Structure formats: structure tokens, C-alpha cells
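I have placed the structure first, in the form of C-alpha cells, so that the comments after it can refer back to it.
In this document, chain identifiers A, B, C and D correspond to the written order of the chains, with residue numbering beginning at 1 in each.
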Amino acid sequence: MVVVIKKNTDEEQLNNLKEWLKSFGVDIHESHGEYETVLGLIGDTSHIDTDLLSSLSIIESVTRISEPFKAANRKFHPDDTVIEVAGLKIGGGNFQYIAGPCSVESEEQITYIAKEVKKAGAAFLRGGAFKPRTSPYAFQGMRAEGLRLLEEAKEQTGMPIVTEIMDISHLELFENVDVIQVGARNMQNFELLKELGHTNKPILLKRGLAATIQELLMSAEYIMAGGNDKVILCERGIRTFETYTRNTMDISAIALLKEKTHLPVIADPSHAAGFSRLVKPLALAATAAGADGIMIEVHNDPAHALCDGPQALTPEQFSDVVSDCNSIRDILNK
Amino acid sequence: MVVVIKKNTDEEQLNNLKEWLKSFGVDIHESHGEYETVLGLIGDTSHIDTDLLSSLSIIESVTRISEPFKAANRKFHPDDTVIEVAGLKIGGGNFQYIAGPCSVESEEQITYIAKEVKKAGAAFLRGGAFKPRTSPYAFQGMRAEGLRLLEEAKEQTGMPIVTEIMDISHLELFENVDVIQVGARNMQNFELLKELGHTNKPILLKRGLAATIQELLMSAEYIMAGGNDKVILCERGIRTFETYTRNTMDISAIALLKEKTHLPVIADPSHAAGFSRLVKPLALAATAAGADGIMIEVHNDPAHALCDGPQALTPEQFSDVVSDCNSIRDILNK
Amino acid sequence: MVVVIKKNTDEEQLNNLKEWLKSFGVDIHESHGEYETVLGLIGDTSHIDTDLLSSLSIIESVTRISEPFKAANRKFHPDDTVIEVAGLKIGGGNFQYIAGPCSVESEEQITYIAKEVKKAGAAFLRGGAFKPRTSPYAFQGMRAEGLRLLEEAKEQTGMPIVTEIMDISHLELFENVDVIQVGARNMQNFELLKELGHTNKPILLKRGLAATIQELLMSAEYIMAGGNDKVILCERGIRTFETYTRNTMDISAIALLKEKTHLPVIADPSHAAGFSRLVKPLALAATAAGADGIMIEVHNDPAHALCDGPQALTPEQFSDVVSDCNSIRDILNK
Amino acid sequence: MVVVIKKNTDEEQLNNLKEWLKSFGVDIHESHGEYETVLGLIGDTSHIDTDLLSSLSIIESVTRISEPFKAANRKFHPDDTVIEVAGLKIGGGNFQYIAGPCSVESEEQITYIAKEVKKAGAAFLRGGAFKPRTSPYAFQGMRAEGLRLLEEAKEQTGMPIVTEIMDISHLELFENVDVIQVGARNMQNFELLKELGHTNKPILLKRGLAATIQELLMSAEYIMAGGNDKVILCERGIRTFETYTRNTMDISAIALLKEKTHLPVIADPSHAAGFSRLVKPLALAATAAGADGIMIEVHNDPAHALCDGPQALTPEQFSDVVSDCNSIRDILNK
């Protein structure tokens, strides 16, 4: 960590600061320039609060050089983490498809789709039971009943299920859920993250709309600090000024996360785009960029759906995406 | 709401869509252009899910014309909402100062600051007991004990207290809290918002880092839809590409919110800036832009604080801000 | 275009507005709701200034439904534009590699790299002669002399050259340049765009750091409106809040541009990332998303370069990227 | 400047790098940590290209500690720059109003408005002759004829004129212009900035839509490096995700610029908001935040304008803004 001290700083204040910094067990290298004094902190600085530090009036700037995440950091854990769920592996060269409808709507719907996406190559079944909606007037999901229907579909197909949790108090309902998803809006719901750190379920952690890559890793760190190191990261688009797309998929984040962390990284092209016709190019791009898996919304038989459907693919379209992603994987693995 | 249908859309799909839209009780005005068909929906469209709609493959674009928020909308409630807490009013021309430390640290600290800020003109005491921190390794607040110390300070000064809630399960601890704050990271924690809608406490709702003005109002709507219309909105800076400041205070949002909603709107210049030396200019600017109050971090006696302090003002500096903000209020009210 | 008029608007003002709108030759469909009046404009609205319109005090909102770009619009020109340069085609299924150093530094350097990238599969040679630099103290390029060296390399290798123009007054120096590049910072240098519209050279137009997809297309429209329809669009990353990468490559923009326009679309992964180690995953991702070409910085023999080099690949690494991109193209074309 | 070198870096590469860095005349302090080596560069680093540096493969990160702008830097020039134009001063406690129409439309219009805004308190007349427009189909301004009309208005009122330049080749037309404006889209048109650095006219430099505060200062530096230190900076809103406003006025930038530079800083609330009804609150806010002046669009007699007018105020409304801004100035100066 490099701390730049303003010119003309009172000697006593500077000494107080140095004492405080040393109390964290770091060594301080001090250099005096014409316009500022620079303190280089060597050692483990992860417990020093840079927000507090940079707000002190004698300080010009604070730059963290060591990354503040440790458990998630590839520097300290060079080998890929491989997460195993019901005999299926993700990470470390193992690529998986997670597919299913946006929301669980009925037993018929979810088991039908489960069977179709399994046939097309999906390993995991996804489906929303608790739905985070911007408007209180919009459908909020089937909630506990939706979870029950997902379990039903799991029983019929053998597919492990992935679904979103919205509040700690619902945790006991998730006993038979295989992978618990934390949505983008809850990425910094720290109380929830802490609680999930005390479970032993794999957690699929989605990047928040305005979360930096580092903040995503710090949220993973929250879960891991509690003892649960089975975290799967998910890029699903960030918020930018562009309005033609709902979100902007940060394709670099996938490659960069693979470098910074040993955790598996997947992509959710359905939410990143907001248009079903962009799902295929984004899924291919994410695979080409090195993702460990793809999560895609697949909807019901079009004949039964409203018009011909939500921002999801048909099972046939999904099957086509799987086929091309597999070919791209072959190129990367050759 | 205006829905643009793609050229060459199948007649049957279009009819299905129109039937579905009519089921919400709206009238449809249809115009056929050379390259698209335009449906104008007249009536109450607040229950129509535009996300779902715009994801349909026959649709080119969906534009909401009526705002999706109703309870919070000034169109339907032209008069300013005035919220009264312990005899103190905010909104409708009543301007208030909310001040106190970032975190509650000890009984001595909180009661000392409470007395100082009261003397300087603050009506409400703020202080963090539960602290949302990006890093799991950072201090997480004194939690329940912090709430107890706030109550102590309230007893000694008579100041109503404002403090942040981080999880529904803590709600019972907030019985003696006068105004419950929802932090920026929880602005779309919908389960929490719903629960707060069933209390009768005033809620201070902070805008999320990447939340649009409309999303902030929709989150207020969640609380109001539950029956609690005592919501105070707070602009505290949004995330942009600028790196010299921690966040970018959206000063237009203050003026615009006052126009769009009848709810009180305050500003938090301490978090918007991230530097104590920007707090005064931002507090003055927010007041000049029409805010109904200012929330400011004020810290302990500098002699006892680390170096000379966090991103907070001293009581003397706070007193100076109050004085100039009051003068600006006089200009606006003349 | 849909124009929403405020409630309680004076009849005369509304009539004035409607007369003015009709003067553009559009038909007006009017619907009266409880809280607003909606005008639907049918016909060619591309000459109506929405900025002016939305600033009128009687107007609540203006929504363009037809896109404001015409010459660049795929709706009106469904077939892909294929641009031919020195016998090489780009667009319409023809994929090309543009490669070369960031800056031209010497004859030896540029001809060496030209030969290397040609061997590795590049069709076009790129190299900066005029360099846009944030700091006036940074190297500004070899300018006219750099152009001469590029021409030399072209003569020796037969590769057409692509290089950036920074001001209209330099245009005559670009006579032997095959493709003129407009950099991100000049994407809305409208006087320059107009002038380039009067040449018959292909223009490689880079997206501005904060330009929307629509603005990029409007800038292409400036060139095309002058009579030059040989425009190649280039996604090179946009500015967001993320700080781990220099820019955020907008991968969706590639797929979306291919849908909205008939012009060729290429990607520049070197500038999007800002790190040489992200160039390969981004190049593969852009190819998978449907780009018509890739522009990559390739640097000199590492032994002669500073340390082991700038944000560019070695010729060997470039060759590896070409090989994998070609394999991805085969999957897309199968 | 602090340069972090990756672990396991080859000794020879590191030595090459250090030699190269020393060639800029800086001293290097080296510290070796467990996971990285940190180089602290002491001395004048403004000529070192951080982009080049951070792209080297052996480097983990580069952090500039000294700001890269020198001529514009308050550290080296603590006293406020006061710019004098036709006897009017701006900066150093001198506050000015710049007002006039968006575009010059006719002699009658511009002289009428000039007289009105002068009466209301404006010192400078603004008006667009060359207009940067997103669409090639929109009105591009009266150009040279517009400049002639501005000169006419200047003659009749004695007000110095401020108008935008769009290309170097127009410079000779600006001989009688008192302050040359560089628009947001040309903030990084470096060839234009260099040329303006060789004039002795005051330059009003607007911040680009996606320009950081540092980039704005670097563009000022371009002008100053040429010998012209009469630069007025202008905050006019940045591009963010918010869509209710056209741009987001960065109010902190005003206070921060006043701290970082000695140059005068003004605000343009008309363009920041995009709504005339936000102009007053933003003008007051900018004044309260410490701006040295305000630039406002004021339009013609409403009776002659289309409906009741563009995003500009009437002379009466402008007069009201001037009055309240003056009162706020009195508070700040007391």
C-alpha cells in the first residue's frame, strides 16, 4: 500500500499515523519528495481500511498494491478450484451449461423444460422461485411453491437445481437446492453473504450492476471468510450509458477474473443482453473468452407461451448454442 | 405506453399480444407505418411488465409514458408530504439537519457528538451501528450494542435517532430508532423494503450507486405499497467513470425528485464526496438545489481522533455549514 | 416519433407545435389520456430535432421510434456492404486482420513488422503516424515522416495501410493511405467527418469512449451523407466505472451493429483491454460475436523492444490469435 | 510514481526498465515484498508515459502520485489566475455571467437578446455560429454569417462575445471573438488545442462528456504548453447511466477543480440539465459550490419563439437567476 502525505504536514500527526499503521504489523518505507512524502507499507495490509485512511486530512492519496482479497486470490491459491455438485464438476477445465426458465410457472412447465434442456446438453436446471422485481406491482415469483416444483423437476430428471435466494429467512427452504444463487442486487447484501458462508452449499454469486471486479471478489471473500469456499462467479452485464442494450456484458471481466482468482467463472448472456437474439453471440463470446460455463434462460414450448416468448431461447435454439459453444471449447482445449 | 411492433409480424401473434394487453384494462390505439406498427396504450399501465414485453420477439421497442410509480408520484399527490418525527417536521418547506459520527464507537463518543451537533443546529442524530463494509475484514460496527448507545444519546439529548438496518431479522432491535435508514447497497433489497412497508417508522431510503431516479422511486413505492408512506429519499452520489471523487453527487436528481415526487428529499454530501473538504461546497449546493435537509458526518473532538479525522467535519465546521445553508434557505424562501 | 404533451397545455401552443411538426411532412395521430396528450408522428421524422423538441416547456417526453440514421440503416439497405481495398474485401462474410505497431518508429521497425504480420495472416498494415496523446508532453508520433515510412512498408510488402488522421489540414498527406482511421476522440469531430465524406477513401471509424451505438451510426451517417459510403465501424471499448481494465469492450455492440447496419464492423481488442494478455481472449470473443475483422497491435522483435514490450503482441502471439480466430470463423460459417 | 513489478521477473528485464526510467532523470527507491517489487520514482515524472509503462508484461500496476499537469497545477501556481477580457475580470473572486441564445438566428434576435441579458446582469454574450450536431440532417448553424451577427451585437452593446470553434481552419474568422469556446466533443481534439495555444485569446474549455477531471486539466495543459495560459474551464455535465436528465452535472468537479488548479472554473447548467426548469437550481448549486461564473442560454422574446421556447430561459427568468446567484455569492464572500 502506498500512502502519499501532503506537504507541510504536522510532524506529530504524521507520527501518530505511522504508529497506527505499524499497529497492523506492516513495515513502513518513507521517501521524502519536494511536494509530498510517500509511505510504502510492506506486509499484510488487508486489515487496513483504505476508506478511512484516505479520508484523513493529512493524506493526499492511498493506493492499494496488494489486492484486498486473499481467500479468492489466485496468487495464494494458484490451482483452479473445482466445484463438484451431484457428481458434476465446474471449473478447472470443466465447462457446464445451466439452463431453464426465467420463472417457475407450473409443474408441467418446469419439468417439460428440464427434460428439454437436459436433452440439449444442460447439466443444471435453473428457474426463479423468488423473483427480484423493480416494481412492487410485478409478479414476485411462486416463492416456496416454486421451490417445491423445482425439486419435483429435479426428481424427474436427476438435474441439480440452481435458484436465487432473496433473504436469509428463506434459507431453510433451500435445503434441497443444489446451488444457491445470489442475484446482482444482493451482491453486497453482506448479512446474507455472511450467512451463506456458514452453509456448505455452492453459491453462484452474480456481479452487481455497478460492482467492480474487485468488489465482486470481495463479496466472494465474505462467503469464503465464513468457511464456504464453493463460490462460482457470474458476469451478467454492468450498467453503462448505452441504452440499446439493457446491460453491457463486460467480456474482459471473464478473462480477468480467470487470472485474478481460482474460482470458476460463468456468464449469463440472457440478462446481459436483454434480447433473445443477442444470447447466442454473447454465449459464444463468453466461451471464447474463457468462461467455465454458461447460464441461459430457455423457455417453454413456444406454442404455449405468450406470443413467441420472453428473453429466452427455445430448446432448439439452446441446443444450437450448446453445439457451437462446445466447438469453441474444443478450439481452446486443442 | 407505446409499443412498436416489427414489420412483417404474424397477424395471429399480434392479436394474441393485443388480447393480453387488453386484459390489463387498457385501450389500444393502433397506427400502421411503412416500417412498423405502433400501439398506443391508454389507461393504467402500471401492472404491465415492460421487461417481459420488450423481450417478445415481435416487438421492436416499448416506451413507458406514464411513470410506473403511483403512490410516490406528485402527479397524483400534488402536495408535499411532511413527515413528523418527535415533533420535528421534514418536507413541505421544513428543512432539517441530520448529523453524527460514521460509526458509534463508545457511549462517551456518541453522547459528546450528539450534544455538539445539537448545539450547532442538528435536529436528528445519526450514527452507524450495523456497518455495510466492502471487506469482510473491516470493522462491521458495534451492532446491537451500538443501537443501545444511540438510545442512550437520545435519552440525554432528546434528539431522535437515524440509523441503518441491514437485515430484516434485526428489525425488532430497531424499536426505539426514530428513522430507519436503508443504505445504498440495500436499495433494491426488495424483501427488506416490503417488510419496512409494514412498519410505521419513517424510512430514510438512500439511492443506490447505480440506481436511476426512477428505480429509487420504485423502491420507495415498495415501501409505500405496504402501507407506510413515510419515506425520505436521499441522494448520496452515483458511480461514474470519474476517479478523483469516490462518487459523483447527482445534484440534478435533487431538483428533479422534488418535481417528480411529493416525498422529502435530502442529500448526504459526506458520502457523495468521500473527502471532508468537499462536504461544505456540496452541502451548500444541495441546499441551493432545493433539498429538504442535509445529512452530515461529524466526528469527535479532533484531539481524540486518529490524526485529525475521518471524512467528517468537526462540530465547528459543521456549525459553519449550518450557518451558510440557513442563509441559502433564506434566499430560496424570500 | 411519439411526443407526450403535458396536461393543461394551452390550446394555442399545442396548435403552434402541431403546425410546426406538420411542416416536416409528417402525419399526426393524437390521443388524449387523463394525464397527458400523446402525439404519434408517422412518416419521415429524421429532420426533426428531438433535442429542441424535448426542451419545449409544454412537452413531457419525446421518443424516437424510427432510428435517425438512414444511409447506414440495414432496414433500408438489407444487404451487407462489402468494402474492397486493393483487391481485399471486408464485410459480407469477408473477415480481415489489420495489424501493426502502435506507432511508426523507424523504417526498419515498420517494414520488419509488416513482413511478420503479413506472414502471420494480416491483410492490412496499421501504424500510428499522428498520435492523439492525453498529455502534451508525450510523444506525438512521427507525423508526415511516419506516413512516408508506412508507404515504404506498403511498397515492400504490398499491404494496404491504415492510419489515423487527426485534422482536416493533414488530408493531402493521406493520398497514399488506403484506409483512413478516425480515432475515438474524433468520432464527433463533425467538420472532419464532413470532409472525409467528400473523399472516396474507406474510413475506419472508431467508437468514442462515451458514444452510444446510435451516435456511432450518426457519425457514420455524416460521412455517408457527404457521398462516401465506405465506412468500417470499430468497437474499441467504452468508458465505465471499472478500473481493472482501461476500457470496457462492449461485445454486445458488435452483434447489435451487425443487426442495425449493413456496414462492416471490426473490433480493436488491443485498445479495449489495455493489457496485452487480454488481447487474445477479446479477439476470440469479438470473432465469436460476429465481427468482420480484428485490428491488433503487434510489436517489434522483443529483443529490440523495451523490456518485452508494449500492449501489443509479438508476431508469434499474433499468429496464434489468427489461427484460433480462423477456427472460430469456421464454426460460424459451417 | 509507484511502479509495481511482478514476482519472478527476470533480473535483466528489471534492470532494462530501471535504466529506461532513470533516463527521465528520476531517482528510484526499490522495496522488495514477498509477492512483488515496488519501485518508487522520485522527481519529475511528467514525461513518463504511464500507458506505455503499464502495458509492459513485467509490470503489475503503475500509480501516478504527482499529477501529470504542471502549468495548470495549483501546487506550482498557488494564486488564482485572473483573466481579463475587455476590462472584465473572471477568476480570483471575480464572478461573471455569460448569456445568450443557443444559436445565432438573425441580427434582430441576437441584438435583442444581447440587450436584454446585459440589462439583466450578463457581462459576456454567448451564441452559437458553428453548431456541433449529432445528426448531419440537423441545422449546423449560420457559421461565418453568425459570427458577423455576433460582432454586430457586440458593437451595439459593448459586450465581449464567446462562441465555439469547430475546426482550426476557421480560426481566422475568430479575430473579433473575445473568448473562443472549445466544445465538449472537441475537448480532446489535440491539434485544435495546440493551435489555440499559439493564439493569445482566452479559451473557454468545456469538459468532455466522458472526460475525467484530470483529462480536462491535461487538455488545458495542451493550450498552456503552447504559451496561452488564459484558459477558463467549464463543467457542463458528464454522461452517466441516468436517463431522466440529458447529462449529469458533476457538482463536485467545480469544488475540486478550484482546489487542483488556479484557472477560473465556470458552469453551464443549460447543457448539464437539458431542461429549462432545472437551469435555476443547477445555477444556484454551481454558484454555491464555488464556481467563478455561470453560462446560461437565454432565448428570444417568447412571443416570437416556437411555442414557449427551447432549453433556455427568458430574459426575466435569467434576471431572477442572476439575482439569487448574487445573493449566494454574498454569503460565500461574507
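We adopt the following convention: a residue touches a chain if its C-beta (ideal position, glycine included) is under 8 Å from a C-beta of that chain, and two chains touch if they have at least 3 such contacts.
Just so we're clear, the structure is a prediction, and the values are computed from it rather than from any experiment.
Using mean Cα coordinates as chain centres, the one most removed from chain C is B. Chain pairs B-C and A-B differ in how many C-beta pairs they share in contact, with the greater number at A-B.
A separation of 26 Å divides the Cα centre of chain A from that of chain B.
Rounded to a whole number, the gap between the C-alpha centres of chain B and chain D is 31 angstrom. Measuring from the averaged C-alpha position of chain B to that of chain C gives a distance of 39 Å. Annotation for chain D: residues 210, 239-241, 243, 277 touch two or more other chains.
Residue ranges on chain C touching chain A, taken from their complex, read 210, 212-214, 238, 240-245, 248-256, 259-260, 272-273, 277-278, 281-282, 284-290, 324, 327-328, 331-332. For chain C in complex with chain B, the residues that touch the partner chain are 2, 4, 29, 31, 33, 35-36, 38, 40, 42-43, 60-61, 63, 65-66, 75, 239-241, 243. If you check the complex, the residues on chain B that touch chain A are 13, 16-17, 20, 46-47, 49, 51-52, 54-58, 68, 132-140, 166-169, 185-186, 188-192, 194, 208-210, 215, 218, 221-222, 225-226, 239, 246, 274-277, 306-312.
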